Each structure stands twice: as C-alpha cells, then as structure tokens.
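In the two complexes that follow, chain A is the common piece, with chain B as its partner first and chain C second.
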Partner chain A sequence: MRRYRLVAFALIAPSVLLIIVFVYGFIGWTTWLSLTNQNDIIVPQVRFVGLENYIRLFHNLRFLIDLKNTLIFALLFIPGSLVLGLAGALLLNSGIRYEGVFRTIFLMPMALSFIVTGVVWRWLMNPSSGLNLMFDALGLGFLKNGWYTDPSIGIKAIALAAVWQLSGYTMALYLAGLRAIPKELYEAAQVDGASQWQFFRFVTFPLLTPVTLSAVIVLGHISLKIFDLVVAVAGISGGPAFSSDVPALYMFVTTFQANRFAQGGAISIILLMMVSFLVIPYLSWSLRREATE
Partner chain B sequence: MRRSRLLTLFIYGSLLLLAVFYLIPIYVLVVNALKDYREVSVEAMWRLPQNLTLASFAKAWNGDPTTGMQGLGQNFLNSVYLVVPAVILSVFLGSINGYVLAHWRFRGSEVLFFLLLFGMFIPYQSVLIPLVKLLMAIGLYGSIPGLILAHVVYGIPITTLIFRNYYAQIPRELSESAQIDGAGVLGVYRYVIVPLSAPGTVVAVIWQFTQIWNDFLFGVVITNKPSVQPITVALNNLAGSFIVEWNVQMAGALLAALPTLLIYILMGRYFIRGLLAGSVKG
Partner chain C sequence: MRKRQWVKGMALALAFMGLALGQTGKLEIFSWWTTGGEAAGLLKLFDIYKARHPGVKIINATVAGGAGSNAKAVLKTRMLGGDPPDSFQVHMGHELIDTWVTTGFMEPLDDLYQKNGWDKVFPKGVLELLKWNGHYWSVPANIHRANVLWYNKAIFEKYGLTPPKTYDEFFAIAEKLKKEGIIPLALGDNGIWASTHVFETVLIGVLGPEGYKGLWNGTTDWRGEGVRKALETFAKMLNYVNADHAARSWDQANDLIIQGKAAMYIHGDWANADFLAKGFDGYGWAPAPGNVGIYDALSDTFGLPKKAPDPQEARWWLELLGSKEGQEAFNPLKGSICARTDCDASLFNPYLQWAMKQWQTDTIVPSLAHGAAAKESWVAAVNDVMSLFVTSRNVAQAQEMLAQACVDAGVCKQ
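Here is the complex of A and B:
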C-alpha cells in the first residue's frame, strides 16, 4: 500500500512543483521586489526600502481613483449580474417552450473574450452612435449620455458591458441550483396550498443561498481583477481623468511601460491580498462542506 | 399551481426582452461586418446591409498594405499553434492529478488540493514580473512556446479540479477490483480510469480551449512582436487604430470569436459543465 502511495505522489509531483514555483515562489519574488527600490531597468544598487512603494501608492491620486473605481464597479456589476442571472434562471426554469434556444442566447456572451466584447461595446457606447442612436429612435432621448467618454460615468459604462458578458455565469449557477431542488418539495408545497410566491420565498430562495454566496465570491474576485475589458473599451490610458482606470491596468502600465517594477509589484500584491481576503475563507468553507457530505 | 394567461404573457415578454439585451451586440457585430465600406457610418449602425459582402472579413484577415494595416490571419494561426499544445498538455496533467487526488488520498492531499486551487484565483499580475524574467532567462520570452508554458502551468488548477470531481464519481470498487487483479497505480489509471474519461475530458478540453483562446493578459505581456501575438492582442491593436474602418473591426472581432462561439453553440452543455466546475462545488 505504501509503495502505491509513493507512485501516486510521484505522479502529481511535477504539477505540484510547477505550482510551488510559478504560484507561490513567484508571489514571494514579487513581494520581495515590491519591498526594494527596483524602479528602473537598471538600478545600480538594489536596496530594501520597506513599505515605501506601498506608502507612496496610498498618496497617489491615480491609485486612489482606481480603488474607488473598483468599488463602484463591484457595486454595479455584482448585484446586476445576480439579479439578471436569477431572473433569467427563474424564467428558463418555469417550464417554457424553446428553453434550449433562450438558454443558448442568454449564455452566449460567456463564450466570447473580453476583447471581442470590448470592441463591440466601445462602438455601442460611442456618444454619436450605438445605444444613443437607439434611444433617440425609441423616443428615449433623455437616456443619452457620453458613456465611457464622460469622466463622471467612466467605470459605470464598463460595468454595463461586464454585466452583459458575465450575467450568464450567475444564470448557469442559479439554473443548476434550481434543477437540484427535489420535485417532492414542490409537490408537498402544493398539497399544503402554498402560493408560487410563498414557495419561492420560503423554499427556493433559502435553497439558493449557497449558490448566491459562490456567485458573489467569483464575481467579487473578477471585479478586483478586471483588466481586458477596460483596455478594450476605454484604452490603455483608462479613459478621461482615469475615470475607467483599475488597479490591474495601473499595474500593467507602471510595470511594463514605465519599468517601475517595484511599484508595479506593490500594486499586484495589494490586489492579491484583496483577492485572498475574499477567496481563502470561501475555499476552506467549500472544501470542508464537501468533506462532511 | 396553474398559470394565468397574464403570467404566461409576462414570462414570454420578459424572455424576449432578455434575448434582445443579449443579442444586441451580436447583431451589431454581424450586421456591420457584412457591410460594404461605403455603407459604413456611425449613423447607420443599426441598419441592415444593402449589399452583403465578405470584403471586410478578407481585409481583416489579410490586412491592407496601402495603409500599413496588419491583418489578423497570422495571429489567428498563432492562436491555433498556442491553443492546441497548451490544451493537450494541461488536460493531460489535470487528468493525472485529478486521478491521484480522487483515488489515492494521502496525508496532506487535502492541503495540497487547497494550495493548487488557490492558484486558480490569484490575480496573475502578482506573478507576471517573475514570469517574464524567468522566460527571458530560459529564452522563451516573446515566443509562442513561452506562452504555452504559462497557460499550461496556470491551467493546472482548473483542469485538476474538473478531473478530480469527475473521477470522484467513478466507483471505488472498479479500481479496487483492478488492484486485486494485480494492477498498480498506473495500471488502474490506464485500464479503469482512462477508458471512462471521455466526458470529463471533453469538459476540460472545451474549458481550456475557451480560456486560452480568449486570454489577453499573458498574450500582451509575454509576446511583444506582432508576428507572434495571439489574436486577442492583435484584435485589440486593430480596434485601437484610427486607420481601420469599423466594419473591418467588427469582422476582425467576429473572426476572433468564431472558434469559441462555434464550440459553444455545438457543445454548450459541456461548456456549462466546465463553468459550474469553476465554482469549486459544481
């Protein structure tokens, strides 16, 4: 038996080694880098500078705007995707005809890349075209706005495109959750004379709570990491007055265009800490839940 | 709980509204990609094309030497050269890992699984600088093999997860009876697990294909020359250029979307299974 285990461990050893080096080793490397003065291609004397790069970030206007944008994005994107996803899933699950066709349409954006989505939405949200033209034609002229070109909107326009792209994800999660509800519950509720609303409120909704939790974690960590979509819609500059800028984009520009490696490393470590804060409790919760089943 | 006619009307009305919302960008993509350049203007975005033409696809693929516009053809092929080996390798590794973690639990295997899974959620920004330095040191920076390496390594967590959950459904008795017949760890994998792997493999292949084909971050950081860039990076450059008409941009976007869109439409069921696997507890 012990020999078997040894062979088994040898089989996953290459992957484990790769993950140790490329994930944990590299994170350690980036962390060390972020604590030094390596803010140029050639630094004559590499020095440990403590938290200097981090402190500088929290006095940097662009980074503060980025953090605020991330928050605004999350506050629009997460509820938007949850509501649309739940509504779509309930509709799809209500015993309709052509369910397959509707489902295929609703989840289709998930198959596209953020870049493709961004290229289309950039034109849809062009102030003199796209949605503004449609609003005019529908007599909804008051809805016209400058979208991502208006500094007071910026990231909110990106959130709209993101909801379009990823609400299908929550829809798929909710749909799987709804399908897992045993038919007997439904029949029992019928016998008890429950209304559809009561059934939803006291049976469906509580049973979907773990699904909602998973969705919030996944959507939340996407909000922290969002990058491609901003680049494709607003461009590498992050829009007028950084109104669409996000930390991931600032990290990219700082590191790979300005060669300020230590500074870029600091941004990425802050991002990593925010993601860990969200994901680590969730991961240990779902693994423990699985173990007890 | 019979449904009133009003409720039925409400349900189908809402379904249609949602369908319109999800189809609007697709409509704009397709309609404008099929237009002649003379028909293209920002005011006419919603109008159907008067003469259907594939000219903008040809231009998006081949480029235009007179304006110096780079076509996407080479980049489409780059993405193919990237995706095929990267998918095969990461799916193979995921299958082995998933088998071990599902059937040969050892002390610490839960912790190991946790450490693997965490790699799926990290912002890749936190590993990019060392990754670039390592690729430079081993001479793979700026090349497709460098990009393949990145996608294989960072694809290990999700493929492992997909296969572990899939193999966990294979009854233990099957592998145990093979062991009694004298099969070792590799024998069980070869004769019991591999023949039952098809559905799980399809899920993992489709998922990895979509992820790698659609990736932008690794592509833009690791490949600096247009001649080796994957299609997402090239499309973003094309769309950011002022000399490119937007019917050509739309055609380029459709070209970039076509492979994953086709797979989704033909094999959507498996795509959604991969999607659900990504939330850890499918």
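Here is the complex of A and C:
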C-alpha cells in the first residue's frame, strides 16, 4: 500500500511542481509586480508602492469603460448562449430527423478559434459589406447599422459573434444533460397527468440545474477573459472610444506597448479576482456535492 | 530509376552539408518588414550582404503586423530575457532611446559613425534624434514623411481646386466637396494611430515647428491656447471624414482616394507605395495644411544590442545599411527616401524626388505617432486620448488628459 502511494506521488509530482512554479509562482510574482513602481523597462529603484497602481486604474477612464463593457458583454453573452443552447437541445432531443447532422452543424463554430470567427464577423459586420448589404437586398434597410464601428453598439456586436460561436457548445452540454434524465421520471409525471409545460418546468428544468451552473461558469470566465475575438473584430485599439475594449486588451497594450509592467500586472490581478469570484464558489459547491454523494 | 533519385538526393544533401561547413558566421535581423516593397527591400539588402560576406548565414526574423505592434512585443520579451537578435528594427528617436538606450541594452556606434563619415552625410535634424548622452546608438535605413496631403487629381481638376495650404482653405474646400457628395477627407483609424497621425500634423500646423517640438521637452504648455486650438481644428476636420473610418485600416482609407470616393487623405508617404502597388497614378501630393516647409520625419533604424551573439556580423550589417549602396538599393523598393543626403535622385519615383528636395530644405520635426517624438508609454497615452476624442470631440477633456500624459511621462510638472 505504501509503495503504491509512493508511485502515485512520484507520478503527479512533476506536473504539480510545474503548476506550482508556472501558475501559482507567476501569480505571486505578478501580484508583487503590481504593488511596485516597475512602470518602465528599467526602473532605477524598484520599490513597494502599495495599491497605487490599482487606485490609478480606478481613476482611469479607459479601465472604467472596460469594466462596464465586460458587464454588458456578460449580460448579453451568457443568457444569450444559454437560451439558444437550451432551445437547440430541446429541439434536437424531440426526436427530430437527421439529428446528427444538425448537432454537427450547431457544434461546428465551437471547433473554430475566436480569431477565425472574428475575422469572418469583422467582414459580416463591416458597415459597408456583409450583413448590411444583405439587409438592403432583403428590403430590411432599417436594420442597417454601424455594428462595432458605432460607439453606442461596440461590445454588443462582439457579444453577438460570441453567442453565435458558443451557443452550440451550450447546446451540447444541455443535450448531454437531457439524455441523462431517467425515463422513469417522465413516466411518473405522465401518470400524474402533467402537461407538456409541467414536464419541462418540474422535471427537465430542475434536473438541468447542474448543467446550467457549469455552463454559466464556463461562459462567465470566457466573458471575463475575452481578448482574441475583440482584437479580430474591432482591432487592437478596441474600437472607437473604447466601445469594444475589454480589460485583457488594455492589459496587453499597457504591458507590451506602454511598458507599464506594474500597471499591467494590476489589471491582470483584478481580472484574476473577478474570475475567482465566479469559480471559487462553484468549486466549493461541486466539491461539497462530491463529498455528500 | 529509383536508384538514380536516391543518388541525386544524396548529392543534394552533401551539397547542403558543404554549404553549411563553408559558413563562418551567422546574422539574425529582426524586423516587421513582411510584405510588399519593404520585404523586397530587406531581401535586396540581404543579397548585397551575402555578396560582401559570403560565409555568413542570415536569419530573417520577422514578425508581421502594422507599425510593428506585434514585433515590438516579441522583441521586448527577447531583449528582457537576455536573448536579443544581432540587430533589430526600431523607430528613430524616443522609441529607441527611452526603451533601450537609457536602460543600458545597447552598444554605442560612434566608431562606425567615424569610420564611415556618417556625421557628415546624415542631416543635422536626424543626427540630433539619433544621439543621446553624446553617443550614436543606431543607423537609419530610411526616412519617411508623415505630414503629406494626398489628393485625387481628377476630383481636384473637376471642381477647380488647388491643394489647401492653410486650415481656412482646407475647410472651404471640404465644405464645397461635402455639398457635392464627395468625402472630403479619408480616414482609416481601425488602428487608432492613424488618428494620432492626423492630429500630429494639426499640432505642427497650429503650433509651428518650434512650438511642436516644445511639447516633447516641456517648453510648450499642453494646457495652453495652442493645443486647445489644435484640438478644435482637428475636431472640425473630423466632421468631414468617411463615416466608416473605424472599420478601415490606413490602406483601406487609401482605397477611397483610388476609387474617387474621397478627395483628400492626410497620411505618411507609405501611401505613395500603396498607390503604386495598386496601379493607381491619378494622385497628387502637397504638404498637409499648415505644414509647408516642415518635414515631419520618422525613420526605421537598426542598432546593436549589448548581448548580440554575433557583433562583428552585425557591425557589417549596420555599415551596409548606412552606406550609399545600401540606401540606394533599399529605399526605392521600400518607398522612402535615403537618410543620407547624397543618394542618386534618378533612382527614385517622382514623389520621392520631391520629398528628397524638401528633405534638404525643410525644418525637420520628429513624428509622434511613429515613435520619434516621445517614449512608448506617452504615445500609448496619446492614442488613448485620441480614441475617446474622435468620438466625443470633447476638447476640454482631451486637453486635460494630454496634459496629464505629459506629467506621467515625467516631462511636465504637475
């Protein structure tokens, strides 16, 4: 038994060590960096400046716009993907013909990288091509708009592209969840004389809660970390008046274009904290569930 | 048949091995010259280098991306990680000095300047920008001009217009064109630097060369009348640009001139190379409004990092770059003029010949958007201000943010 444990330990040790150094070690290093004055390639004397970089950020117009954009993005992207995904899953699960074909079609966008879909959406939502031309041809000219080039739309256009890409993924999650619901429950509900709506409301929906939670976590952390899609659609400047800008993009510009490493570190740490608020409750919840099962 | 192919393959392999053995050194050149004329110019330089130093193997380390935004990020990780290339492309002025020279990453090149007599063939305005602490730190390969007004000749002829010399003339023309349904001024600021670029020409036009240069050393007041007037002028110009400017890149804005949809375009002279590459010759040029007699310059230079693995090969490269032969081979392809003042004008196209003449007589000022006038963090801050200003046109807010950026850069006092 003891030898068995030793082998197990030896097998995980390398990856644990690498994670400690390259994940937690660098999180620690970045945290330290964000509390110093290292805001140039070389600073004559690196010293501890407390929360100065953080305070500066919260007085920075661009960063405040970024936070607002993140919120708007999450509020559109998460519910949008959930609703479309659930609708798709329910339709596919209703015994439709060629289910496999539709499943593949819906799931396909997820297999592409954000950069690829971003370039496509960049052209679809270009004010003088793509969707606007299509609207014109269909006599729907009133739907024409400036998409990501219109400062009042900005991040909402990016959210649209993101929903398109990830609703297929939520659909797959829900589909798996639906298939896992035991037939007996529906039979029991049928015996009780439940209506179609009651089937959904009292059987399907409650049993899909764990799936929904997982999906919210995955989609939530994507909306906090989103970077590549914004760059591909709106460009590295984050659109006019930062209307499509997000913290991750600002972090890149601050660190690698402006050489303000400590400031960039502060943005990363704020992003990390936001993701933690989302992930840690979920982890503790699922660990507790595992323990009770 | 099979056997003969095998023999051929062996012979080839042996030939390559022979080549590899014959090589005595290597040279790694880092740049963002990946497309069109600039890549052609770079390869031409490599050809000359190989003829001069046959044994050296050249590694062409390029990172694609406009204005070097991606390349600079890669370079930073390499330099800070202690793995520099032998020589790298960097904009003349503060982008080089404040990022790599004051921080002690570069080798001074005074011996090369002396040996090649460069302090006599490069103009004074350029030498000033290359110098820091009494030493030279890089060799300029070329000079681009930023403050050029490009215009569609057919439109100007049709409405009997001449290129505007002042802002009043510019606005009169713009108003007239707008009424005719033509976009007066093309803009493609999907990369916001293109707006910073136009604003920079307005700062020059309103403040004059000395006032503009003073912005970067703290002698011109960012909170003063001049900057306010420049912002107001720029805001007014923005009334005349194409509505989809945020969707277009600089070259897509240039397309508006080619298609005859827009009449004027204030941009750097790489637009000239773009016109030629797209087979369009119906364009004219003039200094940007208010910029007559002023040459807003930027330059791609190459330097020698302290930890360069092959310093001798790098020095040969720099000597080639600064030589008459090198500059005359590179610049006609790249679409820029020589930094040297003794290049043969007949090798260049008409625009470049015009620019070469202006280069001799004009007052030279450093470009902001292209790294010559201010350090990178300052340029990034101005870009942020422009990103907001192009949409909001809020002069007071922009002026306050610009003044703060100067304080943050350590040049202005609170």
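Note that in this section the second predicted complex is superposed on the first by the 293 of 293 C-alpha atoms of A that agree within 3 Å, B and C clash if a C-alpha of one lies under 4 Å from a C-alpha of the other, contacts with A are read in each partner's own complex, and residues count from 1 in each chain.
Here, contacts are C-beta pairs under 8 Å (C-beta built on N, C-alpha and C of every residue); 3 or more make two chains touch, one makes a residue touch a chain.
Keep in mind that what you see is a predicted model, and the values were worked out from it rather than measured.
In the superposition on chain A, no contact is made by A:K144 with either chain B or chain C. Once chain A of one complex is fitted onto chain A of the other, the partner contacts of A:R260 are limited to chain C, with no touch recorded for chain B.
Set against each other, chain B and chain C differ in how many residues of chain A they touch, and the higher count belongs to B. Of the two partner chains, chain B and chain C are each touched by A:G235. By the document's definition of touching, of the two partners only chain C reaches A:I42; chain B does not. In the superposed model, A:S128 makes contact with both chain B and chain C. When the two complexes are superposed on chain A, the residues of chain A that touch both chain B and chain C are 126, 128, 235, 252, 256.
Considering their complex, residues 69, 72-73, 76, 80, 99-100, 102-105, 189-193, 243-247, 376-377, 380-381, 383-384, 387-388, 390-392, 401 of chain C touch chain A. The part of chain B that touches chain A in the complex is made up of residues 1, 11-12, 14-15, 18-19, 21-26, 28-29, 42-43, 45-46, 93, 96-97, 99-101, 104, 106, 110, 112-119, 121-123, 125-131, 153-154, 156-157, 160, 184-186, 210, 213-217, 220-221, 232, 235-236, 239-240, 246, 249-250, 252-253, 256-257, 260-261, 263-265, 268, 271-272, 275-276, 278-282. For chain A in complex with chain B, the touching residues are 4-5, 7-9, 11-12, 14-16, 18-19, 22-27, 29-30, 33, 84, 87-88, 91-92, 94, 96, 102-124, 126, 128-130, 133-134, 137, 164, 168-169, 172-173, 176, 190, 195-196, 199, 210, 214-215, 218, 221, 224-225, 227-228, 231-232, 235, 248, 251-252, 255-256, 261, 264-265, 267-269, 271-272, 275-276, 279-280, 282-284, 286-287, 289-291. Those residues of chain A that touch chain C in the complex are listed here as 39-42, 61-62, 126-128, 146, 148-149, 151, 234-243, 252-254, 256-260.
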